[in-house]
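The first chain written gets the first letter, and so on, giving A, B, C and D; residue counts start at 1 in each chain.
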Amino acid sequence: MRPASLSELMAVAAAREIRDQDVVFVGVGLPNLAVNLARRTHAPDAQLVYESGVYGARPARQPLSIGDPSLATGAIQVMPMAETFTYFLQGGRIDVGFLGAAQIDRFGNLNTTVIGDYEKPTTRLPGAGGASEISWLARRTVILLPQKRNKFPERLDFRTSVGHHTGGGSREALGSKTAGPSRVITNLGVYGFDASSKEMELHALHPGVTLDEVRAEVGWELRVREPLETTEAPEPETLRLLREELDPKGVILG
Amino acid sequence: MRPASLSELMAVAAAREIRDQDVVFVGVGLPNLAVNLARRTHAPDAQLVYESGVYGARPARQPLSIGDPSLATGAIQVMPMAETFTYFLQGGRIDVGFLGAAQIDRFGNLNTTVIGDYEKPTTRLPGAGGASEISWLARRTVILLPQKRNKFPERLDFRTSVGHHTGGGSREALGSKTAGPSRVITNLGVYGFDASSKEMELHALHPGVTLDEVRAEVGWELRVREPLETTEAPEPETLRLLREELDPKGVILG
Amino acid sequence: MSARLLSMKEAISQYVDDGDVVAAEGFTHLIPFSAGHEIIRQRKKDLILCRLTPDLIYDQMIAAGVARKLIFGWIGNPGVGSLYGIRRAVEKEQPRPLSLEEYSHFGLLSRLKAGASGLPFMHLRDYDGTDLPAVNGSIRTVECPFTGESLAAVPALRPDVAILHAQRADSSGNTQVWGLLGVQKEVAFAAKKVIVVVEEIVSEDVIRADPNRTLVPGLVVDAVVAEPFGAHPSYAQGYYDRDNDFYLGWAQTSRTAASLEAYLDEWVYGVASREEYVEKYEGELERRLKPQPNLSPPVDYGLYT
Amino acid sequence: MSARLLSMKEAISQYVDDGDVVAAEGFTHLIPFSAGHEIIRQRKKDLILCRLTPDLIYDQMIAAGVARKLIFGWIGNPGVGSLYGIRRAVEKEQPRPLSLEEYSHFGLLSRLKAGASGLPFMHLRDYDGTDLPAVNGSIRTVECPFTGESLAAVPALRPDVAILHAQRADSSGNTQVWGLLGVQKEVAFAAKKVIVVVEEIVSEDVIRADPNRTLVPGLVVDAVVAEPFGAHPSYAQGYYDRDNDFYLGWAQTSRTAASLEAYLDEWVYGVASREEYVEKYEGELERRLKPQPNLSPPVDYGLYT
């Protein structure tokens, strides 16, 4: 069997962030794949909540969007979106939220709004969607994004979602009752956050990736946790699940 | 056909308060009978909303309570109670609310909470239920109660629901956007409220009732509108509907 | 995480503690009488009971002495009259004093809504010009940051335990209800622990075949108890009718402390379970209260493969 | 009071005025494309468009120049990428400038919730530490009168017109929906006027046979329009699938102003109605998007006589 690709390693690393019985607020694509992988391996009782108002979906196909009809058919519950946001997310019932972003800073704050000036943007991005509230209200968040220097800037062009704010106890000082970002997973490695400064630090490199390659794609002086680890390669059965059952057409993992 | 009884006159007078296409927030008993009489006569498109969460009920029997199963079966919509209160009542979609009370004062304020001292009541009454919000939020209200001197006191023992408050522009000064009580109907007569002072005034006596009989059952110096009218006797067809179809067993009208 | 299937005896013993804030909800429909009776049998005490309308279930529980406080919107026997058990507690402190904290229906459901939503308060248009805020310090005001207007505000209510009756659930607690919905969803999401009592346990496939009908997922339910006729003398839409004769008769049964206690002795303490209670009726409930069927037409969710 | 059955041409012409605040809602599911196309054909202008997710419908409407402002939560082609029509309006003011007022999904649905509820604002836990309040003066704070904590507050939104698609309604506008519910109920109660577009008109008896399924009563609906496939390329659960190929292809179609305009010329201006649009597909929609049936089991409401 060929070794895991970098995007497969990203999916596997994301799946490892799910604990059994976690209630996960999830979008489509990579996060969805990661949760389904976790459910097929170490976390069979993890539950998915889609912000479109679906709990306990059992789709008969890979959904293209979080509003796919296959998510409603056969779900445990389909409810008004207001209930997903108030009773589930704001009600404190979400253990993990997955987020992506166009930019992330060293404290895990995210930009999904604009590149450039807000009034005259060079690129208009989608905006907050559910991200600002997921980042604020899920017990912890896991951030998935490709590693590029312009996506890891010293300063965000716009702060759409708050992570660890300005570090230290600043998130808590804002009134947060949740832990904020716990992991950042890219196609090059896995990051955590230092317990006291709350600054992002590299925990592991994916197999075959060098520290210099990572540093070249980060816009600030990157902290590295010692000893720097290598992302554990997935079991063959895990790879088989990904390739043959969960994403057989390679829609998500390429 | 025997002439209308006083309770039949009360029902007929209440039905006359319903205009066609009114949306009526209604309880069981006399108000329910009145609305159904209106729907069978001059207001076929009046709609009923029960605070139990039912819109457009078509019960196959006389319901004993506003939560009767016959109200759900065959209704247009059955919704969570929160929606009845927020989307219908607070949302400004109720034209008329019907209210009863243990006590009413000259400005149409109502007591359904206690007789005697609040902390040590001689009689503990049911409390507000939906009354305080109906009185505040329905475009207008119609109050039905039996005429007794102790039910028409100079001062309420407790103000559960606000009518015209202390009269004049005082209800509006509290921030009300609705008209408040428009009619009080008892087994002796029909009252309105003076346009400027907002004090209750007798408009009509039921046939056979004298002004002295009414005055004996009111705890303040009663205003009487001139010319004092006599409640118009119902058409024979109206009486027939009441007696033969709407309350054939006399459950409500005795 | 997902519920366990328990007997009522186990559910009440494990999830209801003395002194708890308990909300046994259901507006006329689906009132969890069998759970109330088990709370009485287990002689719980000092409960703070919450309900929009206390109804006969709380009249019985308060007369049995399990409660020290009642949080409510309207106390009465709907369409009939007074609840004498509660009146004796309030007016004469029998069998023990009962303190009251009262709102309107709208106010109390707003408290549950805030509790379910993870908000510290909910605002509503109510109470201006009334005496209610003067006797209840939990009715306050909040100013709109846009219009400047003042609105009533009530604090979130998060009961220790919510008890719901429902038509059906699967063994994981995924629960479906039809007919009147009351504040069932709000109270379930607001409460710290939830007991669901159902007419029947169905397979998960039945739930999944109509997901828009689901009231609450098993995620928020701790215990599921299967007890047919568990809501009697209240009702379960499509399963049995409200026992209006019982409600009418309660005016007499509850009129004196002695006659109310005689009822409890026979029908609550005198039976070990809802099963025995139903048997004691010797088939009468089935004969008298079973409605003719009236099925909803199916809707098509479609298979998307 | 209750709705009238109109053609789409009549409904848009009578209920949508230039300059109106228009909310054509539906979260992925039941997006009222046929109404959006008619708004384009009638060359409405200066609209303020609101949607949680503008989706392709607003990309088309904005590219056609009907709007001057967009109130939204997330702009994108879900699972695909950008909405280039909207980006051109924002980044290059083509075909005309578009001002933006942005929230999150939670924030915008809270605005609709307040509007539906007759409240001037709704509060929520969101936006602390973000740059959103700095660019949107309608995101403010309110202090809890019980705990003293500060919460985000957004003002009520009451659109002039809400447009919903639904599976079915009767001719009075009593409307039923299943599958994803989005913010359909909230926007209908929040709006001053409501147009409902349905896959089919049914008799009132069908509605009354399952009253818990009713989304909104005819009371809040002004016009009902019957247009099968009216939500395409969005979908109607049980009636047809989401046309994911169309959504994927839109990345290309919308990439340049010219190609987007060519689409509008052919599929919007080039047809007089949704009926012609469906005919132009020559049966392909039916063949490609119709799911196999998957019926919900009935529930028993009971006959209570």
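Keep in mind that, in the parts below, a residue touches a chain if its C-beta (ideal position, glycine included) is under 8 Å from a C-beta of that chain, and two chains touch if they have at least 3 such contacts.
Quick caveat: nothing in here was measured; it's all calculated off a predicted structure.
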Which chain pair shares more contacting C-beta pairs: B-D, or B-C? B-C
Relative to subunit C, which chain's C-alpha centre is the most remote? A
Subunit C and subunit D: spacing of chain centres that average the CA atoms, whole Å: 37
Taking the mean of the C-alpha atoms as each chain's centre, how many Å separate subunit A from subunit B? 58
So how far apart, in whole Å, are subunit B and subunit D when each is placed at the average of its C-alpha atoms? 40
Averaged over CA atoms, how far is the centre of subunit B from the centre of subunit C? Could you give it in whole Å? 29
Which positions in subunit C touch two or more other chains at once? 118-119, 124-125, 149, 178-179, 181, 185, 209, 212, 237, 241, 291, 294, 301-305
Hunt down the residues of subunit B that sit against at least two other chains at once, touch-wise. 54, 68-69, 72-73, 78-79, 86, 90, 137
Touching pairs of chains, all of them, please. A-C, A-D, B-C, B-D, C-D
Across the complex, what residues on subunit D touch subunit C? 118-121, 123-125, 138, 140-147, 149, 151, 153, 155, 167, 176, 178-179, 181, 206, 209-210, 212-213, 237-239, 241, 291-305
Which subunit D residues qualify as touching subunit B in the complex? 1-2, 116-119, 174, 185, 189, 204, 207-209, 211-212, 214, 216-220, 301-305
Residue numbers on subunit A that touch subunit D, as the complex places them: 28-29, 51-54, 63-69, 71-73, 78-82, 85, 89-90, 109, 113, 118, 121-124, 126-133, 136-137, 158-162, 165, 170-171, 174-176
Touch list for subunit B against partner subunit D, complex: 21, 23, 45, 47, 54-56, 58-61, 68-70, 72-79, 83, 86-87, 90-93, 137
Subunit A-touching residues of subunit D, taken from the complex the two chains share: 27-29, 52-53, 72-76, 78-80, 82, 86-87, 90-91, 102-107, 109, 113, 124-132, 135, 149-150, 178-186, 235, 237, 241-242, 244, 247-248, 291, 294
